[in-house]
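Heads up, there are several structures right after this.
Both of the next two complexes hold chain A, though its partner changes from chain B to chain C.
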Partner chain A sequence: MQTLDKYLELFHKYRKQIGRDDLPYVKEMRDAAILSFQQSGFPGRKEERYKYTHLEPVFDGELSFDFQPRKIDYDEAEIFSCDVPMLDSNVLTVLNGFFHHPETEALISLNNGIIYGSLKEASTQYPDLVKKYLGKIASSNDEPFVALNTAFSQDGIFLYIPEGVRMERPIQIINLLLSDKNQIVQHRNLFVLEKNAEAQVIVCDHTLSPQMFLTNSVSEVYTGENANLDLLRLQNEHNNSCQVTNTWINQDRNSNCQHGTITLHGGIVRNNLRINMEGEGAETSTLGLFLTDKMQHVDSYTVIEHSKPHCTSNQYYKGVLDDASTGAFNGKIHVHPDAQMTKAFQSNNNILLSDAARMYTKPRLEIYADDVKCSHGATVGQLDEEGLFYLQSRGIAKDESRLMLMDAFTWDVISKIKQPSLRGRITELVGKRLRGELSRCNNCAMHCD
Partner chain B sequence: MSEAKIMLEIKDLRVSIEGKEILKGINLSVKAGEVHAIMGPNGSGKSTLASALAGRDYFHITHGKIIYEGKDLTELAPEDRAREGIFLGFQYPVEIPGVSMVNFLRTAINSMRKYRGQDALPAGDFLKLMREKKKVVEINSDLTNRSVNEGFSGGEKKKNEIFQMALLEPKLAILDETDSGLDIDALRIVANGVNKLRSPQNATIVITHYQRLLDYIVPDVVHVLYKGRIVKSGDKSLAKELEEHGYDWIKQEVDADT
Partner chain C sequence: MTDQEKILNEVTDSDYKFGFQTNIDTETIPKGLNEEVVRIISAKKEEPKWLTESRLKAFRHWQTMKMPQWAHLRIPEINYQDIIFYAAPKQEAKYENMDEVDPELIDTFNRLGIPLEEQKQLAGVAVDAVMDSVSVKTTFQDTLADKGIIFCSFSDAVKNHPDLIKKYMGSVVPYTDNYFAALNSAVFSDGSFCYIPKGVHCPMELSTYFRINAANTGQFERTLIVAEDDSFVSYLEGCTAPMRDENQLHAAIVEIVAGENTEVKYSTVQNWYPGNKEGKGGIYNFVTKRGICRGDNSKISWTQVETGSAVTWKYPSCILKGNNSVGEFYSVAVTNNYQQADTGTKMIHIGKNTRSTIISKGISAGKSENSYRGLVKVLKSAENARNYSQCDSLLLGDKCGAHTFPYLEVDNRSAVVEHEATTSKIGEDQIFYCNQRGIDTENAISLIVNGYAKEVLNKLPMEFAVEAQKLLAITLEGSVG
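Here is the complex of A and B:
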């Protein structure tokens, strides 16, 4: 049986459980999404967008689905302490794709109008609000994995910041994967910042048990006029995992968004990012850093849409690849015909530490306006031999010299993270990773591998 | 000076780059307290000699020995040579974006201290040491807040080399064309720095194309390197002679012999 047919059959067989408690608008969305997915199917080997990451075989594996939260016995405090302990953050745990809230309501409303918690709950409690954005920012027609997620997703995190409100404490979403069997997880997030709102969100992805996990997540983000959002994702899953993330961001006029993806570990990682600056004067900065070894694979596919005039985008993506790991970067900047006075910058630099590592990079600028300032550059190289010798000639050991050069290389991206304490913590984690001291198991007491 | 012990002895050193022989049998003996100048026309192998002494593995030593303080250096890694007290002042100091001068210098000093069995230098002492040594070369204090050599002017880069030398206190300093590209003020500062660091216990090899530097750093011995060999040695008057007559007479002498 084709992989596509497996998923179609699964959807129709469990239609009732998947769509349990769905309001009509969600139900319609699911139905449209499965049709869309039926038409597109899984991206084939020959599809340019997925040239370096063929995912169908992974989805074809023996994977179990949870259509509702399944009770798994574990002591959260005992087995898990987060890599990014944010003092004073609102920590939301998502366990196998479902908001895990043993001690709180599924949805939390603050006095200032901020709402956060379960997206499933929000879609029922605040249908008008959710309906306005859900499935509208990330359309099922854009991307097969968005369609698949839209059809199957059960829960995830909803965050709403009303007009003029600044969220003092960052939101930290910790996605935990913990199971007794190989599993697929498809959760969905929706973050809405109204006019002049401000928030900071950190998403951490972790695997806590050695089973094979396949995640296909979607995050839809809307930043209203003059809103300000920092969104950082830290990926740290084990080598037997596959993670597909789809982040779709729509920015209204003069809004400012920083999006970062730091990939420390993961088996197969594909990050789709699409930012649409649909209002004049919007500004976006996208950061990406991945560190791979063994057989790890990280593929970043980004699209920045300059739809309106006077928008600015800056993109800094870097990779450090060791052993037989592979990486890909495909970054498109699309300047629409009336997007005059666009400023767009893109860079992608990669270091190969071994002969067997491979990096494929494809920067793309598509410019249809005539008064713009755009530049891009991509490099794949090795550690600078001259620099290495210079450091060694001052008595610094070769290994330490290499680390200094790698720290410097990664710092170029990390230094752009706005929040100082987060920047410091990421520096430390990346440093540990480069020194081979960071295993995704460091924080886990299960010692399963 | 003749009672001083031999610090460096190079014996019939042959060095190749990608199969091409650049140094064709160098013999050189340097005693503690001495300053040797190595001069020679472009392409004669001066920088190759400097890099080979510092341990750059791109240069393959195919024959001969480098004996430093009684030990054979040829198999030693660059960092270990540095820890043993050898310093190379680069002709083209390397820019290393993202590595701060402070981190670089502290790591270097502490690597050397560790090698000597000493504890790491406390941060306060390190900063004090930096302040002291900055004076030796009149280095602009904000340079040490930047990345290594990044955005430094030519003169600043050369001063930075001498500053590092002052911090690391080598026994044997090899200065590879430290004077090239310097204006007269910078040259004087660099030369003064080198002179302040001279002592009966250490030695300096000054590699230069011009006699100018040797007005400030007065050598005990001058060697002329040509086509990968030392073809003439003499006292400081040899440098003067070269300044007046150029290298052609030496070239002719050598080429006539071969």
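Here is the complex of A and C:
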């Protein structure tokens, strides 16, 4: 109760600053969202969806909140360092939840009609375009953290690909967290792909200072008819941070979407993913891979809504858990009454490496149509003894054999990443992570705690 | 309309076969539930003081609880003050021989396909027939008594073996366990008690038939099976209920205690009245079934065929406490018309090298909802625990739902836990394959459904398999030959 009151008070006290440039519809949205959040409150342990992840204590901490981009001294070289540096991409930097653009405009419009940059700027420059989608995909009533974000969010990334345009280079969004005090960051992204559009988006998260960061982000994604989107999220924050991501995707007719989440580091991570296939013949494939150790906690919550016939969905989630880390997977496939000819598949495999590691998995099928092929599978186990023995009998050291088996285990997910250079980079990062090596520069003190 | 649709419609339209009512005077108490009623039930059954107290304790606890809402079920609110909590057939005489048994009662059993007079000749089946709440006739007691096996009604056991009841009742399912367990602990009417002494291999299948009869009565049975070290018992439970308009409440508790090197096999065929085609009437079936493998190397096996009830809420569970103990759960659940079922199991792995297998087959037709909900929990102490779960759903019709909610909680790295589930309808190619080999569509569906459920039906004891097949045939009438 008290935590809820804190946020309500914060909202009402700073109501003017929070929504200083709001258009009327955004203002209404915020008011509705805070009301909805007031009703739902922070999800407690009794709530089925949050049974294994209790976030209220994290939100209760001493956290500062920025209404405007704060001027922060940073090292230029440091800020542009990234886990996926080799990629030829359009890099967009988000610093503490605000689009960071020291050298460019806040909103970049290309000749072929592509628009990308700050969401805040976009909502004033292209009000009709933003209004059509903002808040329409992720509903505050479905999810308390979406409501909280809707009420407080200030900025984020807006990406618009017009009809028939293919974005040649991937968009790379780097979320940087750098502060001198503990901080809560709530940014909001909106990606819109019109009919026949194609784009690839990579999102990376980095913490650059050892303070505690709490991120509650919302990404709303719309893929129009026949559009093709590849969205990959690489989570690599330090272990003192907490991240709640809410990704809501609406897919139109025959669109194709691949969504991937790779979690390497991060204290408490909760990923909410909801894909609604609201057009016939849509296809989606979601990947998830998490590697946890120490006291890390990663909870993946996915909902795939098959609202229309002839849609296909595939989910591959894998986890490797070491030390006292905990993992949770809660995946739901919901096939609506008229969604005939649905094909849905879901798998969740996990490996426990230590006695203190824990895994909770709950794959769910809710099916209301009869002409469907749906299946799911979940396993929790350890490295295969026979496999280990086989490798050792061929002269490979035990530790190396274990790594090889783990590499092979994670490869099932990684191999499904379409872009070859990205796939290669992720393979390397995961390999390094499994070996306990640092993925970033050696003088970075972030991951050594 | 294609042949297949026609057959599916016939299936969906089939009537409840066992819908008849026996006209026997029943002794009832007024409607409603309060402490006084609990006391009356206890007094009517001439129970000792400690049991009355335990009932009252459960009742007081129940009053503080709320009806659970987590199941994937739509249950209209139940008015507990509108239910009669005790009904017993009036002719309560102890029968010396078969001639004294009420002919009408015998007729009822005949129509159910379990002629009482033939029981003695039937292949080793002893029947403790529970008519509403009071045990009417117990057979084969002498044969069992020779071996030291106690198999009697729960109230007899309270009178004759109070120590055993006191020791084991509530030890697996305490009254605080859940809403319906608390209710049952307060108002349970009768049930069966079975005790297998150390080292005894029970020579025959023990079985009980339950049958709700008097209108407006809830039946709250309690079954307690205690199997001492090195023993074996196979227990059968079957239910059929006559047709009724008003919903009837059924909240039972089954407890199994298994010692060391013990095997307990519990089989159920459940066919309570499912309600009519509009979803009116039918039994509410809320059952708490749980077994514990106390000692090492024990095995508890649950097999169930669920075809009846308007609402089923049932999770036969195993607590695998002893090392190397084994839990099994085999289930076929068929729902039709407006039936709703939320059923599954819980496997709690505590001991080392414990193993569990879950095979669940759901078949939904009409406008029914069929859910599997299961928990596999591996505790830190359960080294090398192993679980395999398979949950398949078959959909017959486009208005029904099939759902799977498995929970896997693993707290030990040496554990291997696997879960698999599929949902599909009968493939047209499968039917086509049968057709082109001269099997008509009706028989083809029968063949496929039979094959689909066979894995579970095979686990039923011989004596029960016949009835199980009959029930499947009734529920899927027109498609099963």
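Going forward, the second predicted complex is superposed on the first by the 432 of 449 C-alpha atoms of A that agree within 3 Å, B and C clash if a C-alpha of one lies under 4 Å from a C-alpha of the other, contacts with A are read in each partner's own complex, and residues count from 1 in each chain.
Basically, a contact is a pair of C-beta atoms (placed from the backbone, for glycine too) under 8 Å apart; a residue touches a chain by one contact, two chains touch by 3 or more.
Small disclaimer: the values here were computed from a predicted structure and weren't measured.
Chemist: Have a look at where A:I396 lands relative to chain B and chain C in the superposition and call it first, second, both or neither.
Modeler: Once the two structures are laid over each other on A, A:I396 reaches chain B alone.
Chemist: Just checking: does A:M404 make contact with chain B only, chain C only, both, or neither of them? Give me first, second, both or neither.
Modeler: Only chain B; A:M404 stays clear of chain C.
Chemist: With the two complexes superposed on chain A, say which partner A:V372 touches: chain B (first), chain C (second), both, or neither.
Modeler: second
Chemist: Quick one: name whichever of chain B and chain C touches more residues of chain A.
Modeler: C
Chemist: Which partner chains sit in contact with A:G381 here, chain B, chain C, both or neither? Use first/second/both/neither.
Modeler: second
Chemist: Using the superposition on chain A described above, determine whether A:M341 touches chain B (first), chain C (second), both, or neither.
Modeler: Neither partner.
Chemist: In their shared complex, at which residues does chain C touch chain A?
Modeler: Spelled out, the residues of chain C in touch with chain A are 70, 72, 378, 380, 393, 395-425.
Chemist: Across the complex, what residues on chain A touch chain B?
Modeler: Spelled out, the residues of chain A in touch with chain B are 384-387, 389-398, 400-401, 404-405, 407-409, 411-412.
Chemist: Per the contact definition, I'd like the list of chain B residues that touch chain A in the complex.
Modeler: 54-56, 58, 77-79, 81-83, 87-88, 90, 93-99, 103-104, 107-108, 111-112, 115, 147-148, 164, 168
Chemist: Which of the residues in chain A come into contact with chain C in the complex?
Modeler: Checking each residue of chain A against chain C gives 48, 337, 340, 350, 352-355, 357-382.
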